[in-house]
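Following are the structures in question.
In what follows, subunit A forms one complex with subunit B and a second complex with subunit C.
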Partner chain A sequence: MSYSKENVESIVNNGISRRSFLKGLAASGVLSSFPGGILQANEDLNTKIPYLGEKSYQTFRNACPRNCYDTCSIKTYVKDGVMQFIEGAQESTYTRGGCCVKGNSYVKRVYSARRLKYPMMQVGGKGSGNWKRISWDNAIDIIAKKLLEMKKEDGTLLGAALTKYSGNFGITHYGIEGMFNSIGYTTRLAGTPCWPAGIDAQNLDMGDMWCNDPEEMKDSKFIILWGVNPAANSIHSMKYIYEAKKKGAKVVVIDPVFTEAASKASQYIQIKAGTDGLLALGMAKIIIEAGLHDQKWLDANSKGYKEYKAYLDKEIKLENVSKITGIPLAMIKELALSFAKAKPATIWMGYGMQRHTNGGSMIRAIDAFVAVSGNIGKYAGGARYGHLSTWGFNYAALSMPKPEGSVGYTGPEGAKGDVAQGKDAKSNYTDRFLNINKTARELLNAKEPKVRLLWVACKNVFAQDFDRNQLIRAFQQLDLVVVADQFFNETAKWADIVLPVATQFEEYDVNVSYWHYWLTLNEQAIKPLFEVKSDLEIAAMLSKRMNQLQSGSCTFPQSVDTKAMMAKEFNPGIYEQFGIKSWEELKNGPVKAKAVIPYADGKFKTPSGKFEFYSDKALELFGSALPAYLEVRKPYDKFRMTSPHSRWSLHSQFQNLEWMEDVHPEPYVYINPDDAEAKMVKEGDTVAVFNKQGLLRLKAKLTDNVQAGTLLMYEQWYNNNIYNVNELVDDTSSDMGAFKTGAPGVALHDTFVNFRKL
Partner chain B sequence: MQTTSRLNDVKHLRDIFNAQNSKALKVAFDALNSSIEISEEDLEVQFNRYFVGPMEPVADPFASVYLDNPDVVMSQSTLQVRELYETMGFTYPLKNVIPEDHLGVELDAYYQLLYLEEAKEITYLSELRHYFLHEHIHLWVPRFIEKALRESEHDSKAITFILLQLKSLLIRETTTQGVTA
Partner chain C sequence: MQKAFLVDGSLCLGCNTCAMACKNQYHQDKGILWRKVREIGAEEYHNDNNNILPTLVSYQKAPKAQMPMERFYFSLACNHCENPACVAVCPVGAHTKDPETGICKHDQTICIGCGGCVKACPFGASKFNEKMNQAEKCSMCWERQADGKTTACVQSCPVGAIAIIDLHDPKYKEYANAAPIGIDYAINAETKPSTRFIHPTMPKEVYRLPKG
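Coming up: the complex of A and B.
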């Protein structure tokens, strides 16, 4: 052998021998003799440079930008430019030093071999799998030319559509909408597949969606977790719930499914899906009859209590409540009375409940129950759903003016999504809005002009949207589909161009939560890997090219620095709310908004300024002024199918990582043993789950955590598996959502299926 | 003559794995003197399916995937290679952008080290080259080749050709010429 392993390893790893080796190297003439390639001779060879063991850690502030209650504040440790590990920031009492199983995988996620690395173009047609590398300049040139050609032919840019959702909730990511704003009036897939019916419900009742600080729950005396499973999906909230329980509070979980949270609660109440509103109405009736309602608060702060009470008196029969919800009357009574007697008491409503055809009405009914019990506007009380009260940023990246002379849509304007977007006051035109929850059909049907270009960002259409077969058709008829993402997913498969996008560790941003009250800086911790770019840089490149081709055709800045863009999002209001003077202070760690108790001053942003049991707006928009009982969608097949979130992934994110696949390797359908027996299905059997929409093949797991008559499948994308539970979902709407978010939600949980053994 | 071909083989293979577009790939491929007729585009499409993406490639061209974890780049092995390059006197402009243990980068390092010895008769780094070859490259590249060959033998002459060239280079380097003593 012409080398000694020990010798070389000592040169490389031992500081002293390495230094003397490097001195000899400098003297040997090696450096001037390297032919040069990707690696270059190190002309400033520093014979004192530390070797790896001596290189020290740098730390950075980051946030988890996923669509998750917890929006963790993260501290990232980097050595020699490589992320080593992350931890939850200690400064945030909410994150308190720990992330979840998903967050803890971030190093592996950033350095996953599966990241998209280069811009690429599919040359054999969509779905062919024939991909060529193209340079960024080339990719952007193709897109810019297509946009300008469409504008010339159609006279507008309404043929260009954007679908973007919650893949990254960082504030500067609204720059993706900003990019579309900056080219003219375009088409947007609008609305939210997530929580719209509940947003409308809370806005009708209270004029806002504004939950109490979750950290207060530690002092609640009674907590109902209603259709929410924080033990899996908001693990950082659990410590407050445990603390309350330890101090003697009762914690009740009401859910059709026996969840992880249910297993930790004082009591679990299994309810028939879609009947929660009726239960709340019954509970309100019970406490009013017992004289446990808060008359003083109601007199001072509410509108329409009389009509509401009259409705309860006349229409709500407790025996029916018991029968329809499937809960014994004595249990309902005990629940209502003990809730009313405990002060403060609070209800946390999950997002699943409102994904029914009567979802908005159910949230309204629960709001009303909490109001009757006198727990609105109270510390550690509240009807909790979510909030956007810390989201008052400038939306500088979003707010791009239209180019001079832009022509757009002249139809009616609607609100658009979670964060309201500025309308050009001087203009007669608007963007064209298509319902995000009917993406396939809307893309196919849009006329004058047809949609020809679709840009997909922060979203995996094929995993989240409905009706796969129609989606394929819709994608195929488009001239150009651009998918900007971090991983190659099912949607990218149907793209013409994929653009590799930075993770939050490769760019600056700022993050807040729709649940807790912390503000976190997200710093660039590492260089962008391979050729990935941030969404903002992509927008800037597009602007530069468009302006070269046609001056004035795009108003987006032609070069951006994500740090400067992030800094532009701050304003005095945010500084005041969080008690800081500059965003630079966030380098020391996340900060929390000054404590406010929602509605404690009795001021509601409803038309009457009060809590509205009776809402004229609700009557006008949804046909019922009161939170009256609305029957849920009738079954159209044998079994109800429910598709909650799993603890292992966030929609399609994280599930593709190799080690997640180890713990959670394939999709299952969870079946009640009685139902399974009737179909002669045993644990592990492969079954077909089907309905009028489609068919899925997967393995069965038997569990009485799900009620007889219900099948459960987690909603998520599995790598190398086209499983998407939404293939069984039709796009039937929930009752509300159009008021505040531009389009109704989808009644995902009103899906019915049948199954058989294969 | 033999020296030139030995150096050139490494160089062409390096250029294949570092190509950023169809043209560069085809030029490097043709330089290997294959008799295979294939268009620029077909070659690149096949090459990307095997080694680049965007879909999961047949065989990832990173050492870490074989030595550390099948889903991870920029891990322990990568950083060991980084240390090795630094000790060899290299600087890497793409540090923290493209992992140092990408096959194209490793072939570049190997080519330059070989060049020192063969063309310049400088042997200062010879021991490190042998170490790099036997204690690193040899631990993963054969696995990479086998993984890709298993599939390419059935469907791509061009990819099979590239892999066999790489394989024979590796055999030559690690047996006869590699151990010159």
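Coming up: the complex of A and C.
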């Protein structure tokens, strides 16, 4: 057989009979109204769906809206109203035609029999497992009446709380906050569990969090991947790192764990967790003493270099740096000097590093080292952490006015989260902000009024938040918990009402990344399945019902079209930045922002307008003007536990899918062979890992990828496994975060545990 | 021409994007992977439930170089053998070897589900789908290739760790007969598998904290 078009067509025709069932359903429009069982059949009947040729499909533009560096631009192939497969958009040089293992499971995610299909109510009480299907009208009616009842009794809606984080970073999804803005002053779980200490650190140093284009790394001469593992968590960045390496750049990974990225680097340097800041201070001292610092740049662009240098001279002893970090002094010197000699050189700092009690101080110390080396404001240089410089949308869905006469909180001005919330400058009131990283205790402790209603969106609280026992108590004391999600996760199990939410393939949106510089349109590719609705549509339904019950009680539009809402997010600034005249151009594919080298003009948004080694703001807020060494949290149990992100999941998403179970079925705890031997644990043994917070049972793998004294478990939510690493994490704060995100981060990687063989 | 997968273990991240891109394209049922990312050093081949007879060769004996756990991988699907056992054993001609490209194709519309290929393939490339009572396997996305695209796995790999080469092209002669170092992949097996490998190495400098 040869590969003529005719032969392709003949295969296509032969293939029809197997697909006719699904096709028939789709053509008759029945598919979207069937309960889940029929889609289980879809999986069975669709094995070996043949590729039909580019012209046989309708294609749509989509984006992966998850909390990920890579924020892939997707091209979706649809046949007869059914998603067939997806590809990475070829137009984006960053996504370059391919998504990751998670993105490639989207077809299964959309058509999974495990999806939430219709609104449900837990009639037997939270956690009872006694569920009843209810109509949308009924669900929304219950919620609307509860809100109005609370407002009447409390005189305010501060008893209504919203917890939402990174489940969907699409711009229109800030309409969920918009929904809460539109009903009055409410309570918000504010801050971010992700990256706040580092955001504060970069803002103190440079007045912004802003990084060079990752695609420039191909031209870097020296790259330090410092506590970051792009080989697992930003796989599309690896091609630039490989290219640099191929061209002769040295790639060094500094990490307590021998990561996937470490295995592909030129050099791996293991470090004791929580001592990275000290290493950076030592490295700075070394290059200054060697005269390799960029005095000219420092004179023109920095504030407080003299004080910083005096601190290094007086307080930083290189022998101590070596002793505390665990790295030989000769190796530290070689690293520092070769970095300083290579131009341009860059450091990419991961988010794990700042999840320590001294996390912000460590990011500040590394920023300072990069500044001293003269690599700030340079092409292919930079102290890379993340950026929000392409996020200048209108946030039209977010910016809803409060209903007339709304009464709110009169405490000090509250927090904002990592993207600014709408704010009413004229009002005497604000929303009430609780620390998202202490959700359990904050919900329990909130008084006058106490929290009675909690709305959970884009977030799996029980998988991602801390102090599980208190969390159950907090949920149980709430009058009404509403969970809007796509899957029946553990948070849904503790809800009163569950609302099924659309995937990005069932709605319009627009997406950008906090790492790369591409802008991607997200089109509705298929009709929503079952009874799922977008978060915006849910908000509109709530608004309609509230206004029926009490006119003027909610300002959110009473009917929405996600396409129109998406279009409202664009403005001339975005068009200018991305060089387009209209969002419609994005139908041809993603576009990239015009190239800008951060801080190349020497302008910093700090109070002094310079890079601040010495920051008055830091002194005021965190007690140290300089990026001084801060000791990490003391152990409270035998072993350090580290819980990095898995490549199989994005927080609590994807691992639960049937397809993902095929490539990664179960969790493990990774133990250094020396520690395992001491506890008589062998490869594959089931062990208990426990501390003051809780206990997990799982299988052990023995590897010196982790250092002795440390256990590693990935952060994941499984569909059929009670494993959840956050059950061992307490809610101890990291040092920074309160400055820019409203609440300090959480010191996840300063968790300590013990273990034994079962 | 003998089209073949060239798998570069020095670039492979083990991210499994290729395996999932294959499922994304063909919707393999739960439990079935046409392409599997295999960890170097891990003895997992014999755990393949689909392959009920003892295998002729194992992909993965622990390589001579010590490799840390879960860091180095080879991505493997059908090896598109020069003398494929599946083609020889299939009683109805559902397995064919394309004379032009050397791709071993499987046509499910002809397959009667006898399972002969599943047993005969020394590499476990043919999978048995119990729900459909038929065999299935990688056919090197020949329909996509005919349409001017590359395979789903090659296109999706974020680092170019999979390529399609022609083993008969002098350009690739360095791979024609070379068995990869440290991996017991039977290039000399009678079926003459076509997949070729570039072997990974550890970073030049690795520093681990001293004990204690």
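FYI, the second predicted complex is superposed on the first by the 702 of 758 C-alpha atoms of A that agree within 3 Å, B and C clash if a C-alpha of one lies under 4 Å from a C-alpha of the other, contacts with A are read in each partner's own complex, and residues count from 1 in each chain.
Please note the rule applied: a residue touches a chain if its C-beta (ideal position, glycine included) is under 8 Å from a C-beta of that chain, and two chains touch if they have at least 3 such contacts.
Values in this document were obtained by computation on a predicted structure and should not be read as measured data.
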| item | value |
| --- | --- |
| Partner chain in contact with A:619 - subunit B first, subunit C second, else both or neither | neither |
| Partner chain in contact with A:488 - subunit B first, subunit C second, else both or neither | first |
| Partner chain(s) touched by A:108 [first = subunit B, second = subunit C, both, neither] | both |
| Touched partner set for A:528, first subunit B, second subunit C, both or neither | first |
| Partner chain in contact with A:235 - subunit B first, subunit C second, else both or neither | second |
| Which superposed partner A:595 touches (first subunit B, second subunit C, both, neither) | neither |
| First (subunit B), second (subunit C), both or neither touched by A:132 | first |
| Which superposed partner A:310 touches (first subunit B, second subunit C, both, neither) | neither |
| Intersection of subunit A interface sets (partners subunit B, subunit C) | 1-5, 7-8, 11, 18, 43, 49, 51-52, 108, 658-659 |
| Partner subunit A, residues of subunit C touching it in the complex | 10-11, 13-17, 19-21, 23-33, 37, 68-72, 96, 98, 100-101, 105, 107-109, 129, 131-132, 136, 141-149, 152, 155-160, 200, 202-212 |
| Partner subunit A, residues of subunit B touching it in the complex | 14, 18, 20-22, 41, 44-45, 48-49, 52-56, 60, 62, 64-65, 69-75, 79-80, 82-98, 104-105, 108-109, 111-112, 115-116, 119-120, 122, 124-128, 130-131, 134-135, 179-181 |
| Touch list for subunit A against partner subunit B, complex | 1-5, 7-8, 11-13, 18, 21-22, 24-26, 28-31, 33-43, 45, 49, 51-52, 80-82, 108, 111-114, 116-118, 120, 123-124, 129-135, 488, 492-493, 498, 526-530, 657-659, 720 |
| For the subunit A and subunit C complex, residues of the former touching the latter | 1-5, 7-8, 11, 14-15, 17-18, 43-44, 46-54, 85-88, 96-102, 104-108, 231-232, 235-236, 238-239, 242, 258, 260, 262-272, 326-328, 331, 647-648, 658-664, 670, 674, 701-705, 707-708 |
